[in-house]
Structures are given as structure tokens and as C-alpha cells.
Amino acid sequence: MRYIKDLTEGARVGDIYLIKSKSSAVTKNGKNYLNLTLQDKTGTIDGKVWDPNSAGIDEFEEKEYVEIVGDVSSFNGALQVSVKRARIAHEGEYDSKDYLPVSAKDVDSMYKELLDIIDRTGNEYLKRLLQSFFIDDEKFIARFKFSSAAKMVHHAFVGGLLEHTLSVTKNCIFFAAQYPRLDRDLLVTAAICHDIGKTVELSPFPDNDYTDEGNLLGHIVMGTQMVDEKIRSIDGFPSVLATELKHCILAHHGEYEFGSPKKPALIEAVALNFADDIDAKMETFSELLDKSQNPNDWQGFNRLLDSNIRGTRLG
Amino acid sequence: MRYIKDLTEGARVGDIYLIKSKSSAVTKNGKNYLNLTLQDKTGTIDGKVWDPNSAGIDEFEEKEYVEIVGDVSSFNGALQVSVKRARIAHEGEYDSKDYLPVSAKDVDSMYKELLDIIDRTGNEYLKRLLQSFFIDDEKFIARFKFSSAAKMVHHAFVGGLLEHTLSVTKNCIFFAAQYPRLDRDLLVTAAICHDIGKTVELSPFPDNDYTDEGNLLGHIVMGTQMVDEKIRSIDGFPSVLATELKHCILAHHGEYEFGSPKKPALIEAVALNFADDIDAKMETFSELLDKSQNPNDWQGFNRLLDSNIRGTRLG
Amino acid sequence: MRYIKDLTEGARVGDIYLIKSKSSAVTKNGKNYLNLTLQDKTGTIDGKVWDPNSAGIDEFEEKEYVEIVGDVSSFNGALQVSVKRARIAHEGEYDSKDYLPVSAKDVDSMYKELLDIIDRTGNEYLKRLLQSFFIDDEKFIARFKFSSAAKMVHHAFVGGLLEHTLSVTKNCIFFAAQYPRLDRDLLVTAAICHDIGKTVELSPFPDNDYTDEGNLLGHIVMGTQMVDEKIRSIDGFPSVLATELKHCILAHHGEYEFGSPKKPALIEAVALNFADDIDAKMETFSELLDKSQNPNDWQGFNRLLDSNIRGTRLG
Amino acid sequence: MRYIKDLTEGARVGDIYLIKSKSSAVTKNGKNYLNLTLQDKTGTIDGKVWDPNSAGIDEFEEKEYVEIVGDVSSFNGALQVSVKRARIAHEGEYDSKDYLPVSAKDVDSMYKELLDIIDRTGNEYLKRLLQSFFIDDEKFIARFKFSSAAKMVHHAFVGGLLEHTLSVTKNCIFFAAQYPRLDRDLLVTAAICHDIGKTVELSPFPDNDYTDEGNLLGHIVMGTQMVDEKIRSIDGFPSVLATELKHCILAHHGEYEFGSPKKPALIEAVALNFADDIDAKMETFSELLDKSQNPNDWQGFNRLLDSNIRGTRLG
Amino acid sequence: MRYIKDLTEGARVGDIYLIKSKSSAVTKNGKNYLNLTLQDKTGTIDGKVWDPNSAGIDEFEEKEYVEIVGDVSSFNGALQVSVKRARIAHEGEYDSKDYLPVSAKDVDSMYKELLDIIDRTGNEYLKRLLQSFFIDDEKFIARFKFSSAAKMVHHAFVGGLLEHTLSVTKNCIFFAAQYPRLDRDLLVTAAICHDIGKTVELSPFPDNDYTDEGNLLGHIVMGTQMVDEKIRSIDGFPSVLATELKHCILAHHGEYEFGSPKKPALIEAVALNFADDIDAKMETFSELLDKSQNPNDWQGFNRLLDSNIRGTRLG
Amino acid sequence: MRYIKDLTEGARVGDIYLIKSKSSAVTKNGKNYLNLTLQDKTGTIDGKVWDPNSAGIDEFEEKEYVEIVGDVSSFNGALQVSVKRARIAHEGEYDSKDYLPVSAKDVDSMYKELLDIIDRTGNEYLKRLLQSFFIDDEKFIARFKFSSAAKMVHHAFVGGLLEHTLSVTKNCIFFAAQYPRLDRDLLVTAAICHDIGKTVELSPFPDNDYTDEGNLLGHIVMGTQMVDEKIRSIDGFPSVLATELKHCILAHHGEYEFGSPKKPALIEAVALNFADDIDAKMETFSELLDKSQNPNDWQGFNRLLDSNIRGTRLG
């Protein structure tokens, strides 16, 4: 497959792309045409279907994988594809991984690392709870590994939820070693579960957008409820422990204004809030610099970091 | 029974009272004694047990009903009871209603009014949901009718939760008639369910204080979960309707800072927030004036109303 | 008259329209032309005067009613009128109601309903005050019935002030029945008068924009002063009642940050603030959904409601 | 007269004092007595009437001037007067200035200074407006000269309103000279009128407390209305000038949260807000240091200044 | 020199201009060209170099002074210069004052006025400190006189820092005369030094933008450190006085949210904050009206003044 | 030495204590006596000197070490010492460590750990800077090891600054390993230096209170300046590195409202803010539970944690 980032003026295109967006438009002469955005994992390129009703142009919709034949030209300094033929591709003809942003880390290795941590949980009830999600529930596992951790700000790629969860969990393991008042098992379990609601708050890729339920209920409450359901299936799960774990999840955004209905009242809830927040901020900062042409220059104001930022120069 | 508000200096006491508080103290001469607060539904009075180890003084604890024999005297302008004998009363010897603040309205009449409203719910799924709480679940019904709507601010009496719920529901019925965009059934169901989590957030009277679970999870999330559980037992309950109902409950405090993890996104959620808020403010204002010696004078700053207030004089 | 919403490509236009906006522009070839926005009550359409100095084109200004002759064409997917002739229309040739947004409800019926409410006011002083505005003061009545309740957010149409006032008043009548601490006469009078300052804060249609005085003083203070003046003309109006009524008007926005110089300190002021606020929010929400193509989808963030919103689906 | 600050243990008292507060109490032995606070301009002292019903003790109320005969003793390190005789004093027997906090500056000199400034106002309409208050309206003049500028924070003494007004006006005269965009006459007139509403917001000394009208309407709105009334009596007063002047008064607190219903929109309104604010802060700071035993040490947190403060040492 | 504001369509240009911005672009036909913005002190004009590689077009960069030969034409209603020749000018060929926004006041007169104030400082240590900056340190003096007081909001011109500093200092001299608690020498010294950090926070004209150090440390901390260094070179400078002076500089923004790490705790710090703030607001307001075509109309919302504003009409 | 926590009623005291507070008082009979608070590292006890002028009672002041002879009695349920003799102790007679709260960890071990970290710093300039403080500057080292990290909230004991600094530094070392964008040397150096200003913001024990300079300038600015001075003495220290390090220190409180004049703009500044904040919160939470009688019950609202808190029960 020839990736979008490698296309040049004058090239001929003949590959399957994901249709990121599609809209109708009218030329000054009153002729209808289609504006497309073609996507693969290396980026996007504009497409124009100047003759939408011609023979070779099948009907297709946004989010579909479509085989495109056409020519690359340059307009106002940007490349675009004049689409001659368009045909919906069948499953099997393409590998969706080629079309979606993905974690730079290997999903299976990360998942194995998470299972190792689960295996080292001392409290039997918490361990069984984690296993009921991450070992027994295949549908959940598939969705968890495929999810992002956010629509846009940070970890907005396939595997992002797993990568973020693992990183927050490692932060918590470190904190539990540093601060003896912290209960390691409760904290680690809360860390692993803190964002599981995101598997239902966001729709799967290539969409990766808020679901209706996500908009109305939010991942904090949905995740808490998912934990609650699994706990009911575990005989003898201590009720205070269940309440404390759910509290940690409810309070993990730390402030009412960030959507937590309770402020952290347990020391593990305080620690989880920090572990989550620093991972989000470190990743956001790093992604911004990674994408920047001049990471050591001022990057402008960033809303999450609430500051103008720049990469460190050291001298 | 002789009520506390009718006791006068020199009287002899011989009745059962609720022990609101109890603490040990030492006189200047180094003698131990007990400070009590005796309570019935008309008020409280201080009690002193000058000789805690004497024959007639049984062991008892806070929150117990105790038969007190003693004399009323005046100290620093306030009445107090010198306790001569104290004996724990058995269930049956007293009626707890005589000892607790109660709604001025009849609980059973209010409950009947609520059932009539439930009966008029058009949507079958919502109706069945309401019935599953208010007709089928006897333990829930008992607790709901006995609960207050708050620890202190307003409706802090037996029957208070029912009174507040009924009043909010009536506001919603009126709004649904005024504003045609509102779905009456959804709004009324949300109104009836909005505070059911308070039955577990607050402990039963005479305690009426935050439970551990109440502190850690809060009535908004607990109530949403209670609704969710009942819905699961109703075959075919539409999932979008379930989500919309749960959203209304989650969002009923209207603002993140008041503990709602979501802002109202449906018009019914907006209306419910108003219906709840105005009832809380009207009741708070009314209770303050009812309790005041000079309701038409300035009452000082009230935190909920965020203002110095006074009763209206009209002229 | 042929309404703007019914115009189609290729049609010939020959009707009077309100000139909503007018500006000069220059073509790439350096030729002057005019950009117009033509308005009637069904919407707006762009107009182009390609030859402003030709014989048939009279001089005219924004906000004038102008007879337009021209042809409808399509450009970039939108319709526009190429104006051949333009002539200022005389009063009498057009009915301004055809050119302005109007309440869906009948203004005279609403006005009659308001008069009935005034007639049922028990307190003689308050009744006389209301009559001095709504029965005796013809200039005020005319302006009141013609005003909107806002420049943009909600009720921004002819009759909007009356519609909003009546709705707020009905909310107050209901609250007065629900909450016995409320004085019905004071509350209803305050409701009817709460926004009368808008008759001078906003200029009459078709302008409907903030006046200079409106910008510098605001409808809250101007309305309070209008009430104060009428009260002075009523012998024996009790001074405390006058102060309480003015307080309700001053405090009806509920918060300093919304322009009330006093927080509600009387229970009627609290109730009026709610009655006003819920009407504004219900109407804003309803107007948004009414105008939306897909009211049951997410509509995006709304500033007044401070949330992303969607219409209720129920299933 | 022997001032309170000069009383010592063992002295005999025989002078007229203002009764700042009076309350009944009961001794441990059940005897009624009266607690008094006696006041003159140098301070206060506790008084006890151990035998309220004895022959020499007349009936009297708070805020009355009473001739007190009694002995000064010391209790718990503080002085108090055992009152033997008490008799209400007649007007003429005392000079209220001896009993009230007063400006350190001469009220008549300050008033003359204000009249000179009024005399130098160039705009005839504004000058006539100022004269209608400060030359023609004797009742207003008497109240203005006797008022404080606040209940407690700063200038809380007889003459305080005049002193503050004059100081703010001088600040404005300076600003008008510094910043040519400022209209001197408008700014100076607004400065002189900005707090005239305080003559009705606060009751006269010795009370100096918020009036009912003051609580419900506030000096900002009341002062604006007083200006409005005088303007109506001046033929030909330009209406835009009237609106601009009223705007300056409405906006002089600068922020909604401080009770201004409008933010400063004219440059004179901005300047007046500064002139007022700095005078309040300078006076508050100065009064705090003047009253302090150790002005050069840290004085603790002050709410108006929103900081812990200390006097400047310079070295 | 022919100023930009005097250029008209069809004119031939042949003067030196400052290149404010320069960027490459591509025509629809795929031809490279350059977009320029040419600047002198009267304004800016667009320039196009249609043939960047032709003989007469030298290489040049942004911020350079370049002799431009070309023709003025009109495009879409705006003028632009078609550049035929471009040559970098040598120092001496142009006077940078012709190309930069400058204070309307004479820099040397203002500087002399400042020196006179310094000369009248009574405290010997403070006087020596001021002299060490404004008499002894030539590099500092040059930079101080050339600096603006801000990147954009107000005093954003050559000499702006001096003009603002002098005006703030005069405000302080007036306040010191009005409020006897203020120490004139400390206050005046703090006023003169309060913004000296701006000489390093902003780069010199024509750039006048935040430096890297300015972004990371800010003029408040940098200015405090500059004062600290000079003080170390003055034998016997009292340490408390040094701390008090540095406090005034640190606290001169008045609020944490405006970047002051300490709230004003000394009365001089309070006064300096006002003197600075009112000068910034008066200048911002005046500059807005000066630049406006219709200063007496509403100018729209201004962020610093936090209000819609208009010029005063007076009637 | 017999520690205060071991004293019982009836005991005879004969040891040296630190006089935490001392004040004069008068008995009801008019006799002068002294109220003392005696302190050692285990707690405090009240003391009474009933006869301050008797032979055995020397003059002494607060903060002095005094040998006390007396008897322990009980009053109102609390113990107190009736002081018979009091004599100021000479240096050498007591060990101040017995009288002050101290870190539970060994100061010298922690210091060694810090030196090891410094030794592993790769960047030569940063290493030399750290050595110039922690190896070369003996006065600084002594003060640093003896300081607390706060007046009250957390780490308010001897060695507290070192303990907090070491813990923050370890957090930073972990973060640097987790997040590759972080420069370990810069982050670790900033961590070690972030609170060095506290050595001058707080006075030495037993006082441990804000110094005058601390109140006026604060540890953030003072610490930045201390770093700046050392850097000047290091030849060739890169200026950008110096600025970046100082930025990290200035921004380490993360928000303007917490006294940072700059928001974190470098990723190391973001990380340091988290490392510091979590250590403060973990220690505050732990100290509260450590001191509590019932750590697993609700502890009430804590201002720093902005929540009611309780210890975790787990089941």
C-alpha cells in the first residue's frame, strides 16, 4: 500500500482509503461535486469527485473503506486527488490498523504487563474482580485494547486506553512504595479500573467519538457501575471495600468541576487522582512537542496545561 | 406525656426521653458527673447526673430512650434537669414519633397522593419502574416514608423526603403543562426518583446523619444505581429511555460544584433541577421564618440563600 | 406577497422587503456594487445591486422597506437576488408585521389574559399600580406589546416581552398556590413588572437592539424607576410595600454577576427569580430544538444552558 | 465630663453616657440584673445594675442618654461600673458629639471646601444639580454632614461621608488634570454624588446601621434615584448627560460582585471607581495602623485588603 | 519620504520600508511568489513579489529595512504594491524612528522630568539606587527610553515605558500628598522601578515581543532582581528598606492571578498597585477612542476594561 | 528526663522545659499570676505560677528553656503544673532536640541520600550548583537540615524540609524514568532546590514562624534569588539553563493563586509541581491519620485536601 504521506504531485493513486468525511458542493457553474477527506494512519488528503454520477463512482458513506483510483494534483499549494473511480472495499481487502492512529507501544506486551500486575494483587477479592474483567470477559478485553483514552487531547489512538491505564498503574505502584499509608492493592485495582468506562463512553475507531450514553452519563459513573456489577458476582466481596473502590473511581478527576461527584476522601483516591492527572499532562505535553516542527520554540497557549509552553533547551 | 417545652422551674420530671447526647465531665472539686441532652419532638433540655454511680442510675448510651426521674431547676437563665434515676425503656413503652421531628403533613395522605400520580403515568415502562419501588418494595417504602430530605438545611424531619419529593413532583407536573417540549412521564418519573438515594445516604432517625456509603458515594450516584437495578428487572425497558432517566437523576443538582457529574443536557433535566431547587429554597426560607421570633425582622445571612433575609411586611 | 422562504432559482421577484443590511463592495475588476440582505418574517436572502448608479436604483438605507425587482439565481449553492430596480416604499404600502419575527401566540389574547390577572389582584395599591401601566398608559401599552424580551437569546420577536411576562406570571401564580409563605399579590405584581424596563432598554423593531440608555443603565434599574414614578402618583401607597416591590424587581436576576445590584432577600424575590429563570431556559431550549433540523441529535454547546444539549428521544 | 478612657478602679462615676446596649440576665442565685454597655466618644465600659427594681433606677432603653451614678471596680482584669442610680437625660443636658465617633477633620471646613469645588463647576446643568443638593436642600445637607461613609470598615464616624466624598473628589480633580480624555465636570459631579445614597442607606448616629430600605435597595440605586429626581426639576438638563452621570454612579463599585448593576463603560466611570476604591483602601489601612498598638508589626489578615498587613518601617 | 498612509492607487513607490512580515506562496498556476507586509510609522501595506528570482530582487529577511521600487494597485478594495526591485538598505540610509510607533510626548523631556523627581528624593539610599539606574547605567538608560510598556494593550510604542513610568510616578506623588500614611520616598522609588523588568521582558523594537526569559521569568521577578543587584552595590542600604521596596515591586500587579507572587501588604504597595492600574486603564481607554472613527459610539467589548465602552458625549 | 506525655496527677515535676507561651492574668480576687505553656517534644502542659514575685521564681521569657519545679494537679479534667520554682537553664544543660518536634527519619541518613543523588547528576553545571549549596555552604547546610517544610500544615518539624525535599526528589527521579521527555538532571536539580527559600522564609525552631522577609517576599522568589546568586559564581553556566531552572522554581506551586508568578511552561516544571503537590498531600493526610484517635472514622473537613476525609478500612 502506498501511504498518503508518500503521495506527490502527478502520481496516480489506486489504493483503499478510509473516508473520513464526505460532503456535497456546487461549483460556480452550478455543477455538483463531492469533497472527500481520505485517511490512512500516516495522515489525510483531500479528494474531489467532479462527476459523482459517472459510471465508476459507487455510492459510499463516511467511515467506509473505499478503493480510490485517481490522480494527484496541487491546488493552492496543497495536494488533492481527482477521483476517477470509487468502489467500496470488502472486509478482508484491508487491515483497519493501516488506517487508524495507533500506540507506538505494542498492545500485547502492554496487556501482558497489566496481567502480571493483576497477578501480583494480594487481596483475593480485588484480584478476582480484576480477573473477571481482564481475563474472563473477552468482549471487554477486545474493546479495552482497541480503545483510545480520549477523543482528542491525549492518548487518542488505538491502544491509548491500555497505554494510559498501564502508566497510571505504574505511577500508583511507585506511590504505594513511597507512602506507607497507601494500600497497594486497593490503589492498584482502582488505577486499573479507573477509566474502564471509556470503553462505552467513546465509540470504537474509526469513530472514536462520544456515544449518546457517554454524553448523558459519562465514563466515571458508567465505570463505577461496571465495577459494581462484577463485584455482585463475587461471593463475599466485603461491602466496605467495594464502597471504597467505587469511591476511588468516582473521585478520580479530583474536582467537581472536572466531573467527579465526590472529592477524594480516602488517601488512595487522592493518590489515584495525581497518578492520572500527571500521566495526562505528561502525555499531552509530549505529544505536542512530538508533533511540533520546532519543539524548542514557544508552542502557543495550551488549554489543558493552561499555559504557553515550549520544549526544554538546556542551554 | 409531659413535653419538654412545657417544663418549668421546680417541676418534677418522670417520663421517657431520647438521649440526644451524653458526655462525662469533672467538677472543680474533681467529682465526675454526666452532661445529658434530653430530647422529645418539642425540643431539648439539659440534664445533669451528679452521681453517675449511684443505685438508681443504669448504664445507657446516646440515642437510647431512657426513663428519667428528676427535678427541674434554673441555671444561668436556662432550665436543666437534675437526674435522680435513669432506666433504659423497652420498645413498646414509648412511641418514637413523640421524640422525633415530623412533617406537619400526614405521611399516609402524602403517600397516597404520590401513588395516584404514579397511577396516572402513561408510559408503561416508567409506570412499572415506579411501581417496583413504591408498591412492590416494602422495605424501600418503609425507609422512604421515614426519611428526611436532608441532615439539617430543610425538610430535616420524618416524612421530609416524601414531602419534598411530592412537592418537586407537583412542580414538575405544572411545568409539563406549561412547557409543551417537556415529556410529562419522563419528568414526573425523574422527579419521584430524584432523591431516592437519600434513603441510603442518611441513616434512619433519630440519627439522620450521613452514612459511610453516603459520604463516599453520595445519593446522586446511589439513587441512579438503584434505578438502574430495578430497570434491569423490567423486560424490554427501552435503553435510551433508561439512559435519559438516569441522566435526569445524575444532573438534578444542576452544577458540577453541587455534586452532579453531568450538567443537564435534556430539557426534562433542566426542569427537574429547577423544580428541586425552588422547593429546597422555598422550604428553607419558610422554615427559617417559622422558627423565628420576629419573622418580619432581618434574620441575618443564610448560606443556602446566600443573602441576609427577612419576612415580607407588605406595608 | 411572495415570501422569501418560497423563492426558487430562476424566479422573478417583485415585492417589498425590509433591508436588513447594506454595504458597498468592489469586484475584482474594480467595479462598485452593493451587498444587501433582504428580510421578511420567513427569513432572509442575499441581494446584489451590480449597477448601483443605474436609473432604476433609488437611494435607500438599512432598515427601510424597499420594493425590489430582480431575478433569483444560485451561487455557491445559495440563492441570491440580482436587483434590477429598487424603490423606497411608502407607509401604507406594506404591513410591518410581514417583515418581523412574531410570537406564535396571539398578542391580544395574551394581553387580555394579563388584564384578567391584574383584575384579580386583591391589594388595592398594587392593583392600581398595575392599572396605571397596563390600562391607563397607552404609549406604554403599545410599546410593551410590540417589544421582544431579548435581543437574541429567547423571545426575540414581536410580542416576546408580553409572552415571557405572562408565562413568568403564571409560574408565580402556581408558586403562590404551592408555597403559603408567598404573598400572591406582591409576587404577581412583581412578575408583571419585572421586565418593563425592556421597553426602553431595547429599541423597537425592526432594530430590537440595545439603546444607549439601555447600555448605560439597564432594564433592571430603569424598570425599578418606572415603577417608582407610578407609585408616587398613587396616594397612600404604603412605603414598605413600595420598597419590597422594587426590591423584587432589582433582585430578579438572582445574582450580582447577572446584573442584580441586590441578592433576593424576600421570599417573593427568590420565587420571582426562579419563575423568570426557568421560563428563559425552557424557551431557549425549545427554540433551539424548534429551529433544529435534527432536534433529537446533539445540538452542540449552548452558552445560556452551559451544556451540550439534545432533544429527548424516549426510547 | 469625665471620659470613659480616664476611669480607673475605685473611681466614683456621675455623668451622662449613651447606652450602647442593654440586656437582662440572671445570677447563679436566680436574681435578675442588667448588663449595660456605656459609651462616649472615647470608648465603652461595662455596667451592671444589680438591683434593677430599686428606687433610683429609672426605666431606659438602648440608644438613650442616661445619667449614671456608680462605682468603678475591676473584674477578671476589666473595669466595670456598678450602677447605683440611673436617670434619662433631657435634650440639652448633653452634647451628642461627646458620645459619637467623629472625623478628625472639621466638618464645616470640609463642607466649605466642597462648596468651592461646586462653585468651580463649568457645566451649568451639573452645577445647578450640585447646588440643588448642597446649597438648596437643607435637610439633605444636615444628614450628609452627619453621616458616616460605612457601618464599620472605614470612615465609620460622624462626618465620615463628607470626608470620604471630599477625598474622592480631590482624587478625581487630579485625575482629570492628568488624563485629558476625562471630562472634569462630569467626573467631579459624579464624585460628589457617588455616595449620597448612604444618607438613606444608613440610619443616623448613634445607630449608624443599615436601614430597611438600605438593605433592600442599597445606596447605589437609591443615590441614582435621588440624582434623577433633582435632574427632573432642572429645565433643559440634557438627557444624555443625565444618563451618563447616572451611569457613573451605578457603576462606581466597578464590579457586579460589589453591587454595581453595570460595569464602567465611560472613562469617567472607570476613573471614579478608582478614586473611590483607593480612598477606601488608604483609609482602611490608615485606620488599622492608627488603632494598632504596634503598627510596625504584622496586623493579621484584613478582609478588605485581602492580605496580612503591616506598617512600613523603612529600615 | 512618502508615508504609507499617503499612497494611492497608481502611484509609483521608491522608498525604504521595514519588512514586517514575509512569506512564500504559490499561485493557482503553481508559480512561487512572496507576500510582504511593508511598515512605516504611519501604517502598513501589502506587497507582492511576483518574480522572486528576478535580477532586481535581493535576498532579505523579516525585520530588515529594504528599499522597495514598485507600483501601487488595488485588489479587492485594498491597496498593494507590486514589487519590481528590492534592496537591503544600509544603516544610515534610514532613521528607525520613521518606521516605529512612538510616544506623542518628547522622550528627552520626559526623561528630564524623571531625573528631577529622582533629584528630589529625600532618602539617600533610595536616591542612590535610582541614580545607579537612571544616571550611571547608560546601557540601561538607552534600553529604558526605547522600550514600550507592553506588547500590545497600552503604551505599545517607543518611549511607552518611560511615559507610563512617569505617569505612574506622578500619580504616586499625588497620593503621597493626599494620604499622610504613605512614605513618599519609598512609594516614588517603587513607582520609578516598578516596570524596569520590562526592558528585558520585551525585545527591542521593531520586535517588541516577549523574550524567552520574559516568558519564563516575567518582568516582576526580573525587575525585583535588577533592584536587588544594584542595592548590593550600595554600602549600608538598610535591609528592611530593601525588602520593603522589593515587596512593592513584587506586589504591584495587586492580585495573584495577574502574576504578583505576593499581595500588597504595605500601604505603599497598595497605592502603587492603584497608580499603575489606573494609568494602564486610562491609557487603554484613551488609545481606543483615539484610534476609533466614531469615538462617541459604542466600541464593543474590551477585555482589559471588561466592558463594552463608548466615549462620553455629555448631552 | 520525664516527658510531658508521662506526667500524671499528683506527680512532682523537676525538669527543664521550653516555655512555649507566657502571659499575665488576674484572679477574681485581684491577685496577679502567670499562665504558662510548657513544651517538650512529646507535647505540652499548662503551668500556673500563683506567686510570680516569690523568691524561687526567676524572670524568664517565652522561647526560653526553664527548669521548673512544681506539682501536677487536675483542673476541669486537664492536668496542670503549679510552679514552685523556675530558673533559666544554661546552654548545655539541655538538648534542644528533646523539646522540638523532629522527623521520624534520621536527618543524617537523609542528608547522605541527598548527597548521593547530587553525586549522580550528569550535567556538570547543575552538579556544581548543587554542590555549592549542599557541600560547600556550611551555614546553609545547617539551616537546611534544621528547617521545617511549613509552619503548620505538613512536615512542620525539625528535618521536615530535608525529608520533604528528598521525597519530592525521589518522585522526580521516578517521573524522569517514566516519561522520556523529562530531562532528569534539570528536574532533579529543580526538585532539590525548589524549597531552599524556606530556610529564610521561616525562622529557626523553636519559633518556626514566618520571618518579615518571608512575609514580604516569600520562599519562591527568595529561593530563586539564592539559586541565581550561586549560578553567578559558576563560570560558564549556560544562561538558558539558568533561566529554565529558575522558571521551574518560580512555577513550582503550579497556580497563580498559590503564589507562583508564572504557570509551568516547561515539562519539568509541570512534573515538579506534581511531585511537590503529591508529597504535601500524602504527608498531610498521613499526619492527620497518625495523630487521630480513630483514624478509620471520619476526621472532618480538611482545608488543604478540601474534603472530609477518613482512613481506609478495606472491609
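As written, the chain order gives the labels A, B, C, D, E and F, with residue 1 at the start of each chain.
Just so it is clear, a contact is a pair of C-beta atoms (placed from the backbone, for glycine too) under 8 Å apart; a residue touches a chain by one contact, two chains touch by 3 or more.
Values in this document were obtained by computation on a predicted structure and should not be read as measured data.
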Query raised in the report: In terms of C-beta pairs in contact, which of C-D and D-E ranks higher?
Result: D-E
Requested in this report: Please decide if copies chain A and chain C contact each other with the same set of residue positions, more than half shared, or with different positions, and reply same or different.
Outcome: different
**Report entry** Rounded Å distance between chain C and chain E, as computed from the means of their C-alpha atoms
**Finding:** 45
Query - chain C-chain F separation of Cα centroids, rounded to whole Å - result: 63
Report task. Scan chain C for residues touching two or more other chains and write them down. Result -> 212, 215, 240, 244, 265-266, 308, 310
Query - chain F - residues contacting chain E, complex - result: 212-213, 215-218, 220-221, 224-225, 228, 240, 243-244, 246-247, 250, 256-262, 265-266
Query - Complex contact set, residues of chain E against chain D - result: 123, 167, 170-171, 174-175, 178-183, 186, 238, 240-241, 244, 263-268, 270-271, 274, 277-278, 281-282, 285-286, 289, 305-315
Report summary line: Per the touch rule, the chain D residues reaching chain B in their complex are 25-26, 28, 30, 212, 215
Query raised in the report: Given the complex with chain A, which residues does chain C contribute to the contact?
Result: 74-77, 298, 308, 310
